[in-house]
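So, here's a batch of structures to check.
There are two complexes below, and they share chain A, which is joined by chain B in the first and by chain C in the second.
Right, the complex of A and B next:
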């Protein structure tokens, strides 16, 4: 069971007449989302634009986004999973004890009304944000929402999509997947990709002090990571590629200033729906692109002896 | 320069059926003379042109989505370890890009055609294709649910639709056009399907799947695209769908057409309980109509992950299996669905599917028109092709396998009555010479002078699956890439494109429609030539060149 049922943002713009934001604050975090894709757009299928769409916001606090929504559901902190599970049961007509519903902070009447509206929609979409995917039980929450969207397809068309953070996070995720099979949390230290988010994620490796060098491109972990991770970055040789001076570049041994991608360096950015966009530079930069710096470093490394020799070409099964 | 002596050569493009013959290679091509250089003694060995896969899914949003959904498979499968000159990778149901190149080349395949590229994410597909080493590549853009074109066909603006089709082929830097469940995917976006050629398509009054198919085939022929309309018929995977398939074939008389993964379109009965093979009926019609080619889309028992641009079919699978389901609707054109799946011999439906794939390969009598495929990864992973070759070449082995099928399969399949065994010459045809010709890649699948020196040398072996799974040497562009299972070189492959001509004024017409429908600006859409590594533009067929 489970899985992921999704679409591209153009489909949302064209067709979505029922939009749920779960644990996100698009009005402040993705300011162009409402106008470009969800609320304001008119289309062949939704000629009256905003009037043809129903918008629901589910969040633990009433953010600016709530004002833009038709319905706001204030879920108690940490109760997302319970609420999702209850709604999954309710769409199938299963009974849920009212006391359990009340614990989520939402009344059963509100849920009944919402579910009825969802089933009547022609094309529903659920966006889920950091609020859902970064809190306690984060993987469970996201999985429950994806399953909920998949199950809604027994009644009408429904899809789900994460609202991802800034920069080209999606692009990194997409490329790691085609090159290694995994999106993040990958170790290549045995010469082939291994995946274990709790063990190989950057923050875990740094906190444990398991790395003797750090190479950081276009990210500023020095601003966001826990103190032991930052202390370790300061201790080992850290190399930063960044157009700007950042928290991380200040504690690094080497900072190479690069041309900002999309402004002065070309490339591809992947949008949150994984649609690739060409980055066309508007300015020239005296600095090299990240790509050029990495390529030149790679060329130098290629002249050094290989530290990993006498390895078989392939192993039949991984341990 | 290189000389191969003493090998027994199977080269269907030149009518050579098991002759002992020397081959000379210079500058990556076969040559008529040899002056100096290395000689490889292939005495007692078998030589064939390198495999060409006419229909596979190895790069782009959907296979990458499948990779994301199957981390547990990556962990249990084999892993390629990096070396100083070679990248690491993971095999399995949805192999990573580098591993895809190693695995194809490892069994002697040297050209692959990625059969489903959504217009909007063509850039992504090309970025992945770049990361597939060794093999040459081409790709087909998904078009038959493109709403801009469907709207024009609805209004009878066929000529303009043709220019827009050509614009998209070039903008996506593709090699041809794939039509998936024409009209059905457009309807699916509202949870409906179009199961018959006369079915109404949501949002349209005039165009039906039937008109879309015939008009697309005609437009592609008129544009002179080397590979004909590549068609994934409506009503995939459903009992009784043979009627839809035959109706589709009748619509296409007089046009060229390639029918993808015919196995999934050859069922009788009207529900899962009384489903039966109609491969014989389909093969009979097919044999009498030389305008068509097909690939088998054969099924092998075991685990795989199914991905297709056919959203309705995937939702059905999800309901049948209750397994994970991934679905991705792409604006204004297509969608795709992903479900991990296990084909079991004890499951009657799966057993019938397994038989149907083999029956089609055995009952279609012209090996130049039916090609080996599993619709990777849908029917089975591509690296299992040697097992299918064994099933085709050994009737005894087939009978052994049939003993494991449920007893109530009797009278539902015709495989037990078929005694045909493929010859090596026929295997070389369905794996290489035939698909090369269907793709219009005249320099592939051919060991003649001047053709690309992509070929394989096999040890003779009574164990056919072992023979084809472990070539002695694989050559790509005259270079040894595989030797006794070792990856020797990982050259970058070429990518084939076509550039059909269209009225440049079409930009003005398309721009406002585009900006309304897509959430990407018009200028950002076309994939730049410099994005394609080692691109090679193939000529379109002009009336003169047809001669």
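Right, the complex of A and C next:
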């Protein structure tokens, strides 16, 4: 296991004839996704557009996206991991008892039919949303879908892609990855990057209270994180960089208003398929950009003595 | 030669990474050398005696006192001696240890005995997540040795473990034996959902009924001979496995067929219950 099977949205638009949305509601959350990439576009390989594509929606309730899909599979809440694991077994010809399949909310006939169609597809793509990755099982639910997509490549081309949310979240992952080798959950306290989600990821560090300062750029943990994390943010010196006054700003010591990126500050935004998009500002802002503020803070810090007095001791192996 | 005793005198504000606290190092160190060992308080390199009162020197035995829940990497990669902690301990206790004994009279945090290959860890309280697991991106977790947790444990106990034995006294959370490749996990008080998910080989023995994954197949009701062997091996550590055929037997499940794997889950069932 390892690596990920993915592609760009351009490829989806040109080639994908089988599209699965799992635990997401693109009709309401990514309204341009259908029209720009997945459903409506005609291409050299899919000349009839929508008619050449099969769309499946898997979710716990019938959302507005269900209308746009050819097939809607209503999975029982908290059964995504089981369903994906059953599908992994079924594509390999393993026998799974009917009664146990039915516990996921989907009958074995529907599943057999779906797998048949998936194997016959020329180019399949699976998009997954927070309904999958933020419910019980979390990273393992996403791992189940990514592994399933990887294993489908024994039969036909299949890729998987997360439906990323608001702001430049993909950009943060991509930059961290080429700078340190890891996408998130990184500690640099030894002078070299170490990766361990659960130990170094923001929410866990804050919940345990393992930090004595917080620097938040373009995010609002005060509105989204669990109560103990928010309490800890209020306790320690918190610095927020944001164009707006957010929930986090209210509990911080310092709030620096910055120019909104893409509107009044230039930069690069990353699309959910990790394609960089240059952002050209349309307006002028009296406020500095995030980049300028961070650069000025860094310049001041650089004048202070180095905190790494000895050569750091490496902890052998990864962590 | 008396034991080296460390008493926490100042609570760390952030995580204290103290992989120096192992019998391997202290066995050959004088008192001054132990005191001047470097620990990482967040990013800052500080002397060990800024946080601990140190007694003794040059000993294979190490005794810790105090609430050490922010002190990480205790007994890391140790190959000899013993480490006893009176109080809670932090993450990565005994990670990658090869031999020796660790005993904790308190709770432990995540990654207890991660990727260990030998020795024994006994936690009298509860443990956090990923007991005896593999680190992210690593192919194999625990490769040998024995971990005993008297209390409850978090998710992903024995994730990708290859050999060795884990005994959990209290209830365990989700994903026990996730992607397991060998070894044995004993659950004395059952587990929450998805036990044995994606396992390739290895054995999970549960003395309480389990919520099985749909991709496991029932394969008989039996009293395997090895249970009595395991029971006699675990008896000195305070854990016995029932194996009296007149009282009950083990329901055997094989899987995980998604992989497809050859792992087994044995669930104890008394005759009266069936």
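The definition used in the following text is that the second predicted complex is superposed on the first by the 308 of 319 C-alpha atoms of A that agree within 3 Å, B and C clash if a C-alpha of one lies under 4 Å from a C-alpha of the other, contacts with A are read in each partner's own complex, and residues count from 1 in each chain.
One rule holds in what follows: contacts are C-beta pairs under 8 Å (C-beta built on N, C-alpha and C of every residue); 3 or more make two chains touch, one makes a residue touch a chain.
Since the model is a prediction, treat every value here as computed from it, not as a measurement.
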Touching partner for A:103 - first (chain B), second (chain C), both, neither: second
Partner chain in contact with A:189 - chain B first, chain C second, else both or neither: second
First (chain B), second (chain C), both or neither touched by A:49: neither
Which superposed partner A:31 touches (first chain B, second chain C, both, neither): neither
Touching partner for A:278 - first (chain B), second (chain C), both, neither: first
Touching partner for A:140 - first (chain B), second (chain C), both, neither: second
Most chain A residues touched (candidates chain B, chain C): B
First, second, both or neither for A:302, with chain B first and chain C second: first
Touching partner for A:81 - first (chain B), second (chain C), both, neither: second
Doubly contacted chain A residues - partners chain C and chain B: 1-2, 188, 190, 195, 308, 312-313, 315-318
Residue ranges of chain A touching chain B (in the complex, touch as defined): 1-11, 13-15, 36-37, 43, 45, 122-123, 150, 153, 156-157, 159, 174-175, 177-183, 188, 190-193, 195, 268, 270, 274-278, 280, 302, 306, 308, 311-318
Residue numbers on chain B that touch chain A, as the complex places them: 59, 61, 64-65, 67-69, 71, 74-84, 87-90, 92, 94, 96-98, 120-121, 123-124, 127-128, 131, 189-191, 203, 315, 318, 322-332, 335, 338-339, 486-487, 516-520, 524, 528
Partner chain A, residues of chain C touching it in the complex: 13-15, 17, 19, 38, 40, 42-45, 70, 73, 76-77, 91-92, 95-96, 110-111, 115, 129-130, 135-138, 174-175, 178-179, 193-194, 197-198, 213-215, 217, 256-260
Chain C-touching residues of chain A, taken from the complex the two chains share: 1-2, 81-82, 85-86, 88-89, 92, 94-97, 100-101, 103-104, 136-137, 140, 188-190, 195-199, 210-212, 307-310, 312-313, 315-319
